[in-house]
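Each of the two complexes below includes subunit A, the first together with subunit B, the second together with subunit C.
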Partner chain A sequence: MSEAGFEYRTYTGKKIAMMGAGIIICLISFILDIMIGSSNLSLSSVFTSLFNSSEADSLTNVIIWKLRLPTAVMGILVGASLGLSGAAMQTILNNPLASPYTLGISAGAGVGASIALLTGLGSLAVLGSFLIPLSAFVFAFLACLGIYLISKIKRFTPETMVLSGIGMVFFFQALQSFLQYTASPEALQSIVFWTFGSLQKANWTNIPIIAVVFLIVFVIVYTHAWKLTAMKLGDEKAKALGIDVERLRMVMFIMISLLTATAVAFVGSIGFIGIVGPHIARILLGEDQRYYLPMSSICGAAILSIASVATKLVVPGAVFPIGILTSMIGVPFFFILIIKKKR
Partner chain B sequence: MKKRRIIEILATVLIFALLLSACGNGSGKASVSTQTPDSAQSSKSENSEITITDLDGKTYTFDKPLDSVIIQWSCSGGPFMTMSALFGKDVYKHIAAMDDDIQKNRMDMYEQFCKNVPELANVLVAGNMDSDDFNLEAAISSGAEAAIIPIGLKEAVKESVQPKLEAAGIPVIYIDYHAETIENHTKSTQILGALFGKEERAQELIDFYTSHVETVYNKVAEILKTKERPTVYIEGAYKSPEEYGNSYPNDFMWGGMCYNVGAYSIATDVLKESSAGALEAEYVLSSNPDKIIFTGSYWPAAPKSIRMGFQASEEQTRELISAYLDRPGWRELDAVKNGEVYVVHHSIGREMFDCASMEALAKIVFPDEFADLDPTATLREYYNTFLPYDLAGLWYMKY
Partner chain C sequence: MIEVKNLSFRYEKDPIIEDISFCARPGEITAVVGANGAGKTTLLKCIAGLEKGTGTVNICGKDTGKLSRSKISKLLSYLDQSTDCSAELNVYEVILLGRLQQLSFKVSDEDIERVDEVMEMMSLTQFADRRISELSGGQRQLVFIAQTLIKNPQILILDEPTSALDLNHQFKIMEFLKSVTKEKHYTTLLTLHHLDIAAKYADHVVVINDRKVYTEDSPDKVFTEKMLRDVYEVNAEIYVDSMNDKHIVALGSV
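Right, the complex of A and B next:
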């Protein structure tokens, strides 16, 4: 075996071990998330309910299966979705500051949710609990559509995409402020709470939707990993390698929009993960997209899941918006990584 | 040349400003002293001067009863409902400018009130002092002699709106119905009675209020000697069954009212003092409260919120509550199994007629001891005796 081949193998081995460690952290946090809660259930009753639910008392089953599990699963799923879309976004825009939030996608979702919360959307009320997520999704996608149309004219250059995204942010924030200005105190409270983000709305109807969208987008993005890595060398070099850069950027953008809009629609704005998840992954593993993309998902999932556990410890019994906590615990950790970074 | 022009303009502005402030001070509508007299809250001297001390501890003297005032928080503890009781159908004549609280947040009330007193629709709306959309110019030029606002607004206005109103010769007088104490309810009503020269009518309101509330409080004190406080879960049902609305601890709003009639709000153990917040589903389930109290109103944007008020029907409200009880695990709760689920109107506190609400809550907390009370009848009596509006609809209900 050649020297280079051996080195390559330790190099990939290290990366896979890192990812394994990330997955284990997610698992531990996920289990803690199910164990911890304001009703102080004993460990044994949690296990009975999980693995032998017919033996457990009905209130415990409700708490585990209808309250704790959906929230815990949602934390992992949404964290992974935001991590992945942030990573892909940073890659196609070749800009480490990009995230679904800097491009106005979540601002669009916020406006959609606010309109639904403020007006009830009259005849659409038949949609029931899907009304707010749907409205959020539609407006998030409108934001993406705006960026898409403007970028298309300029052949999907990263600069136009970032600039039109920043334009979207300000436009939708102005709309949001206007809606809040006209809102009644009760509606205002609901809007503000929505924009904080919360996993409490998780249930077994919306979880499969996010799971399916995540899997589809992940597979599509991942199959483009080589091309994306090539694109990181610069558009000219990627083109020389025979990659249709414009098309790749467009396809990736549509995928990211779909994933972000779906995730944000159900849980509200949980910022920060889309930008920090990928950065942590990059610091730990570098930018080889085959590892960078899944690792960003894992980091995102871990951050949100840990934040979910932390909200329960900070204010047991009351609903604490998880969006606030993700930033509060994520940012110091992020700073440590930046300072410790070798290069 | 240019410089000169600028100086000219500045000078003109300055002169105008001086003139304006001189007008404000010179109008002599009110004089203020910060000393608190230790005797009565309000008094009339021989030359029919009116002196009151507001809930902020400031004393104001007027040489005649006020004719029209600026008011705020019209459906949440402001002077509007008490003024309606003092003036009857003439109330609109005495409001120089008001907020749009009622139009925006209590549509059913506003529609009913305008049906009985159509002129209300023409009263100048100058916005809300606490959301920065208060139109100072319109308010000042409305001819108001004072602004009467809840003490809860003080933080928001003391450095912004208040100095400007005072500079225009409009004193800002604070009242307080939020504290839900007999003392502040009485003082606030006395102040309004004195300011408008309606002391007798004000005293009738106070008598009505205190006789009802004191009966309840005395009996509750008696009951608590032998009984434990039942636990209650209070939820503002303005969202939907899928999402928990705010709950209130023992020292805040609905929680405070429930505590006063002998209940213990489960929100007290997890929320900060004096603040509202949503509780976790799991916490509510594991606390297994003795009673569940929803507050309902008309929130058109939230079709699954619990509906109460002028246009509510019992059948529809029952259906809406039923959806709330289908939340995961709720059918297992003792309160639901025992039929201890109630709904009260969201905005029926913070007024002189909330003595009816205290009766309703007392009856919820101790149903056997207060079986003889009829809160809706008390509310109707207040409306019929004092208010120019007709009462209809649903205000207190057992599921």
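Right, the complex of A and C next:
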């Protein structure tokens, strides 16, 4: 093996090590997320409750298993989902500014949730907690369907997808404004709070749904990792390498839509992660999608989990919408990475 | 061997190439030349299976009209004109992608050896860990040529492989393509704008004019003052030097 070949192997090893470091950061943040709250818990009591709950006191068990663990797990899952969706979206559109939010998927979900809140569906006993995410999911998927149908006519060119996505954003934002304009003050408050995004909606019913959807989408997207890497060279070159570019773009779009719509439906709009998670992964590891896709998930999960910890530190004892803080914390960090990036 | 028979292509209602037939043989460089907009790139795309025209294209005896894109890409390597690339990939990774059809999740030792060999052949080793987006247009063109060579194709189709290169590199890359074509018995089909280069390195020249084949033959017979007037609308003089190479001196528009 030549020196260049050896360096390639070393470079690959470094990427795997960085992914390992990312996972450790996620784990630390995850544990802190469980420890920190209105009543702080010690590390040992957290571990006892997690791995040997019969020996932990019942109050600690309730705090961890009913309150903290669901939000901590949801933070990791939603962050990973948004990171993966953003990475795949930026790759298929060959546009680093693309994210599931720039294509109106989140705006669609907002309208769906608002309709459920306005019509009183969300206040129904038992069913209410399911109808809001269901309605959000349906409208998020309607936004995707609109983009899909328009893009299909133009053979899934990135330009058509971005333009139809921007159209969707404006359309659903207008609908959202109309709904807010006609809403009662109480309903308006619920709508605004929903759109902030919050992990407090996590429970042991919606977590497995997101987990399964994430796993399925991750496996499907990841099996196309080499082809997605080749797509970064541009459509012409990817086609010359034997890739059916339009079909791949369509399949990826369906996967991204499914994952984003599911995540957003349960936690509301948490912006920024879908753009910045992949950016950080790109700066650290480049765009070999075998590493870029999982690293984008890891970065997304880490950002959301750290933001969740930070919300508790910033406003102790109160529920602060995490969607606000993800941008506040992430943006300065993101700027540092851009400035430090090698030319 | 590439056999093109009665190949035509329309973009919506506009004909781009019409009734084109010719053969490109193994061990030879076949150059397609013609004025801007003559249909050279479309012709190459149709042959490479990237556009669907009417007529037949046989590659190594197989009708490409009946093959999927991935099967066609196993038979040939195609280089498009563009040298733009903003991907955050290094040169080593870009060249490796030429073996896309063979790559499994873990890059094999064989893949690594092949990349090393091609980089060595094309003197690209020094750029191995450089980001492709940081290279000049000419350097990127060399990297993409290396990418087409990595899968050891029987058929090499190159659209303007020298367009971004300086004079020295134009000669170097054509020398390299000439020797690799002979040595490995590749069928090399390329388009060229620089007629001196085509006259010096091509074994066979196909001249496209007004969407059709104007003439095809060896460079000696193809490059005439009449052809240059008819196809390029220039008055030109042709000199033969002591090495028996033809040189074209354009004197001005007709």
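The rule is short, and it goes like this: the second predicted complex is superposed on the first by the 328 of 343 C-alpha atoms of A that agree within 3 Å, B and C clash if a C-alpha of one lies under 4 Å from a C-alpha of the other, contacts with A are read in each partner's own complex, and residues count from 1 in each chain.
We take it that contacts are C-beta pairs under 8 Å (C-beta built on N, C-alpha and C of every residue); 3 or more make two chains touch, one makes a residue touch a chain.
Predicted model, so just to flag it, every value in this text is computed and none were measured.
After superposition onto subunit A, the modelled positions of subunit B and subunit C are compatible, with room for both. Across the overlaid complexes, the C-alpha centre of subunit A sees subunit B and subunit C at an angle of 140°, to the nearest 10. After overlaying the two complexes on the shared chain, residue contacts for A:I166 are found with neither subunit B nor subunit C. Once chain A of one complex is fitted onto chain A of the other, the partner contacts of A:I31 are absent, as it touches neither subunit B nor subunit C.
Of the two partner chains placed by superposition, only subunit B is touched by A:G120; subunit C is not. Of the two partner chains placed by the overlay, only subunit C lies in contact with A:E287; subunit B stays clear of it. Touch criterion met: A:G234 reaches subunit C, while subunit B stays clear of it. Of the two partner chains, neither subunit B nor subunit C is touched by A:I209. Superposition on chain A leaves subunit B and subunit C with their closest Cα atoms 43 Å from each other. Shared contact residues on subunit A (touching subunit B in one structure, subunit C in the other): none found. Residues 1-5, 7-9, 11-12, 94, 225-227, 229-230, 232-234, 236-237, 239-244, 282, 286-288, 290, 343 of subunit A are the ones that touch subunit C when the two sit in their complex.
Across the complex, subunit B meets subunit A through its residues 104-105, 131, 133, 236, 238-240, 242-244, 246, 267, 269-271, 277-283, 285-286, 299-304, 328-329, 332. By the touch rule above, subunit C contacts subunit A in their complex via residues 48, 50, 69-74, 77-80, 82, 84-90, 92-94, 97-98, 100-101, 103, 105, 107, 109, 112-113, 115-116, 119-120, 125, 128-129, 131, 134, 144. Taken in their complex, subunit A has these residues touching subunit B: 37-40, 58-59, 62-63, 66-68, 117-120, 125, 128-129, 181, 184-187, 189-190, 193, 200-201, 203, 315-319.
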